[in-house]
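Taking it in order: structure first as structure tokens, then the write-up.
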Amino acid sequence: MAGSTFGEAFRISTFGESHGEAVGVIVDGATPGVELDEAYIQVQMDRRKPGQSSVTTPRKEYDKVKIVSGIFQGKTTGTPLMIILYNHDMKPEAYQDIHEAFRPGHADFSYTQKYGIRDYRGSGRASGRETAGRVAGGAVARKLLERRGVQVLAYTSAIGGIACQTFDEAAIEANAVRACDPEAAEQMIQLVEELGRQGDSCGGIVECRIRGAAAGLGEPVFDKLDAELAKAMLSIGAVKGIEFGAGFEAASMRGSQHNDAMDGGGFRTNHAGGIVGGISTGQDIVFRVAVKPTSSISLPQQTINIHGEEQMISTIGRHDPCICPRIVPVIEAMACLVLEDQYKRQAAMLG
Amino acid sequence: MAGSTFGEAFRISTFGESHGEAVGVIVDGATPGVELDEAYIQVQMDRRKPGQSSVTTPRKEYDKVKIVSGIFQGKTTGTPLMIILYNHDMKPEAYQDIHEAFRPGHADFSYTQKYGIRDYRGSGRASGRETAGRVAGGAVARKLLERRGVQVLAYTSAIGGIACQTFDEAAIEANAVRACDPEAAEQMIQLVEELGRQGDSCGGIVECRIRGAAAGLGEPVFDKLDAELAKAMLSIGAVKGIEFGAGFEAASMRGSQHNDAMDGGGFRTNHAGGIVGGISTGQDIVFRVAVKPTSSISLPQQTINIHGEEQMISTIGRHDPCICPRIVPVIEAMACLVLEDQYKRQAAMLG
Amino acid sequence: MAGSTFGEAFRISTFGESHGEAVGVIVDGATPGVELDEAYIQVQMDRRKPGQSSVTTPRKEYDKVKIVSGIFQGKTTGTPLMIILYNHDMKPEAYQDIHEAFRPGHADFSYTQKYGIRDYRGSGRASGRETAGRVAGGAVARKLLERRGVQVLAYTSAIGGIACQTFDEAAIEANAVRACDPEAAEQMIQLVEELGRQGDSCGGIVECRIRGAAAGLGEPVFDKLDAELAKAMLSIGAVKGIEFGAGFEAASMRGSQHNDAMDGGGFRTNHAGGIVGGISTGQDIVFRVAVKPTSSISLPQQTINIHGEEQMISTIGRHDPCICPRIVPVIEAMACLVLEDQYKRQAAMLG
Amino acid sequence: MAGSTFGEAFRISTFGESHGEAVGVIVDGATPGVELDEAYIQVQMDRRKPGQSSVTTPRKEYDKVKIVSGIFQGKTTGTPLMIILYNHDMKPEAYQDIHEAFRPGHADFSYTQKYGIRDYRGSGRASGRETAGRVAGGAVARKLLERRGVQVLAYTSAIGGIACQTFDEAAIEANAVRACDPEAAEQMIQLVEELGRQGDSCGGIVECRIRGAAAGLGEPVFDKLDAELAKAMLSIGAVKGIEFGAGFEAASMRGSQHNDAMDGGGFRTNHAGGIVGGISTGQDIVFRVAVKPTSSISLPQQTINIHGEEQMISTIGRHDPCICPRIVPVIEAMACLVLEDQYKRQAAMLG
């Protein structure tokens, strides 16, 4: 019932804290006999790692992938993969003088309420660093999905109020914010850099599009595909909302507009986002997540400490003024985990 | 791995189809020794049942609660409660002539893709009628939460583009759409009635506010409180999105705006919606869900049938032009289930 | 975490008390499109029901199978089957005068310690009557296993110290104790009838043999096939032990004796009971369970009541002096549930 | 659905192969704020490690405990503990010339049937070495149980037909086979040494006694305390049976003998082994497991290889002629895991 495990038929369990010795993941349920190596996983880790560009934190982590178990002669064996990523650039001392204060927007207060004890070094387990294990586990899922012809693609669609106007897939990995519109990307980068200088931060929206997923995925009535994706995304610290297809706009639409008509060529529209009744239709699966502004800002903020005393606080440390570009591979990883899990659950149901 | 069970420490499993003999639920994990009777559950069933007003379907279901097990001498025993709700006003013949067609917006196509077989009588298991079992199970959770001083309240905040401007709690159950603004409610009712006459439908937004929940609920890193609530809500057929606190607006905010400062009196704001790092803070938990327009409309729509042949279809039957008023108790029920489950999980962690 | 659900990919949840209104089961995860009707399940219920012969309790339950959901046009739909068995011959008043006493060998004391409340009518949920739901659910699994060519067969191999000396499969269902040796069966029946007259009871051993199971079933390292079968069997109230293949005799054997050699014809022996490393080998799966003497006896016994006062007690009521013949179909049902679950888990792993 | 995770409220996931880089465990759900260090866990690892005496394998593993996460300032934080044990004395080349043969009694054949691929180096994941992670995880559970006043004690009660005649608790850790009778221990050691010289092996029986466990543990109807213990024990590779209290002897007893009478002083006997109706009674919990002879023997045996060709095989390598002394701490570890899990589940139910 503790919550560090995700998935049923394809399952990951993550471990590790921001400024502990390592973070990592156990992946259980991988199809045996599939070629997999550290280099394949490293590609995804490199997309998530800090220090990639001017808009990300200068913390230096190599996130070098080490597969400890589950691979034999270059192939998965069906037994658990353990993947470990050692921490290098830890500066726990940076947190020493704020270890009794509750940083606004951080989980300091809620963790203390829950556990009565808190690893204050860089948010401990509540740090975004925990997602490194997810990306490693998601890479294994991605490998299995490749064999099924499924492609999972996420990208920034808005940052700080600046929205993408075009969809240029080739541009996504070519700009520092992973936006799908290169012109909007320029403005976003300027904004993020400016906010970084000010000691402030901003939020954004990341869209995810899954192509090639089979129809029939999702387990009614509670483990629907959209329900599982929603859980997966909201389990990422900075995510505050999700919508599928037309999403919140559907609230203002008529049924005659929102219903996706079919003809001999298939569905004419995709207001549903590729999921109806919680089951994939074979169309692209499309959803968007709301990403909150990074909590760590150096502007002074009002707070209290564990003794209930009021104080001002400036979060020193090394942080991303906008987390969108680095959350993109995490969103993809979680989507991969859900998809592979649902494929395997479908196989069990029919099997 | 089949998906008809929800929750870990407090768990429900639902069964039943729209035009089968009955729908219902098994509730497992209820605290023993708690007074509970059918009348208490009936109150919630009556809020969800069809035929309540001019804006809901004329299908007549009594949804009379029958507790079959788990109660002895008026109290829970800690063993499974089985609650059954017999169907009465079934008209499976109404679906006979469209049983080969895929109704747009319905799960007809995706269910057929998944299972290869489909109970076409009123959508079978994909019907909103399945949620009757959830409301019954949620009522048990609500009873347990009452003892903890937790109150779960949902209400319509927008329908078809008409948004509530005020929050009048007393008005909610006094108007047919369960809106929190009685003036907006009037306009909403007119719109829904008009759409009903036209054979069309519309969507809306339902907000949920949970008061009195303890700080410390939620199980990082995957079973966070918001992640579980998101899954719960997206598991409801008509829901297409969810956002917590500032939600999608956070995407346009600065960290200095979004972070909730604290002082001696506690949090000054609640942009986080009462959940930080996936754990409750003790503030009100606030989220909104996007509800799509009812799929069943009598306006003619383009579709295909199971043979791939194109045809026009009008969904005859008895349907709600807007599902918001009847989804309100379902959203409350799911929220109750998540909360009670998390309370018990917290007890396990500390216990 | 409450424990009324069994299985992962093929899952049952039971409900109901001995002298409540009904007992039953939800079956989730059945393969869709499989022909199934009440008559098929009834066959198994009739093997378990009371009143079959002179050696079983005279309580009269028809155990008439009612499938409430999950079947459409004679076939499974992939959605939950709910099967209910109404109780008829309840005599809760028979328990009124002992409702404060803890009957020796019964769960009266431990249930009271656990829940603080206890449905004392015929042991409530702790009654063997709860297994009716298991047999119904197991019949669904049996149906699915038939398609795989798997046969699950249990039979009494010893009662009260009288052991079968031969294996005559045809004799099993032809004698009242379901023993595999018709001569031993005669002695067993005499013993059980005599004990019934004395107001005493006795235990026995039931052996189970599974034929036709594929090699490769079982999920290392914790959900091994033998581990899951052991859990399934020990979850039956009267079972106090299990052994596979050579079982406890293996403790006295040499490795050179116990190891099952292989040659071109396959395994030469089956000391392992068809499971090695927790995975099926394709040989017959063979295990034996120890069944304790029925707790309910009318001989006077020393006990205490809920106030701690000493008293003598005679369990009036209608009971089986030996539960072996009626536990046989329960053991088969549980074995079917484990097997079908493991087949589906294997499909997920490879899928 | 893959099976490398055990427990619900207190949960472990193990990883690693015999001749891979490391074995280990993630422990999720530990109560926060509990003092725990590597030295405490090391004590249990040292009891399990190879090379302890003349009757265990000469393979040299230090099994030095490394806690990678979940501890802060010497206390548990409530977040996952990852504990890793690096392998040192690997000799994968020892398995090169038998990598195509199926060793009798080993999981070589069944693993190949299941996964289609097999890490043949020292049985890979099917090796007893996997239990190192269990012992590390079990040590965490043991620490938590200490606070509850629960003591878990296992010991050898028979080896190769030689049975203990006395119970001398102080003698257990003082003899190389961990037997509870020092005189029998002498004979056992001679037998095991002799079998080692012969290249053969033998089995035995290990008894486990749990003292101080509260009444009320166990979750009817499927997750009963004895059912969970049975699963836990049968999940250990070499275990072929389990019995509680009177166990298989109960099959020959009368109800009037087996029922445990109560008086003002509590239970007069403990034929039930401390568990009735699947729930602990507060008495000692007592069970015995059958341990098969070590599969690895150097005597020549008949087998086939992956091509179906017959061949003789002698298992070269470093093995224990009898696994009982080293399985004792594994049995204790699994029992600790079950107990702590059930305590937490009980807390959830009441909480």
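We just call them A, B, C and D in the order they show up, numbering each chain from 1.
Going forward, contacts are C-beta pairs under 8 Å (C-beta built on N, C-alpha and C of every residue); 3 or more make two chains touch, one makes a residue touch a chain.
It should be emphasised that the depicted structure is a prediction, and the values quoted were computed from it without experimental measurement.
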Third chains touching both subunit D and subunit B: A, C
Winner on C-beta contact pairs when C-D is weighed against A-D: C-D
Subunit A and subunit D: spacing of chain centres that average the CA atoms, whole Å: 38
CA centroid of subunit A to CA centroid of subunit C, Å: 46
For subunit C paired with subunit D, centre-to-centre distance based on mean C-alpha positions, whole Å: 26
Residues of subunit C touching at least two other chains: 1-5, 8-9, 14, 29, 32, 78-79, 114-115, 125, 220, 344-346, 348-349
Subunit A - residues contacting subunit C, complex: 1, 8-9, 29, 31-32, 78-79, 220, 343-351
Residues on subunit C engaged by subunit D in the complex (per definition of touch): 1-6, 8-9, 14, 102, 104-107, 109-111, 113-115, 125-126, 130, 158-161, 195, 200-205, 215-224, 226-235, 237, 240-264, 268, 272-273, 275-282, 290-297, 299, 301-304, 308, 310, 345-346, 348-349
In the complex, subunit C residues that touch subunit B: 1-5, 8-11, 13-17, 20-24, 26, 28-29, 32-33, 68-70, 72, 75-82, 84, 114-119, 121, 124-125, 344, 348
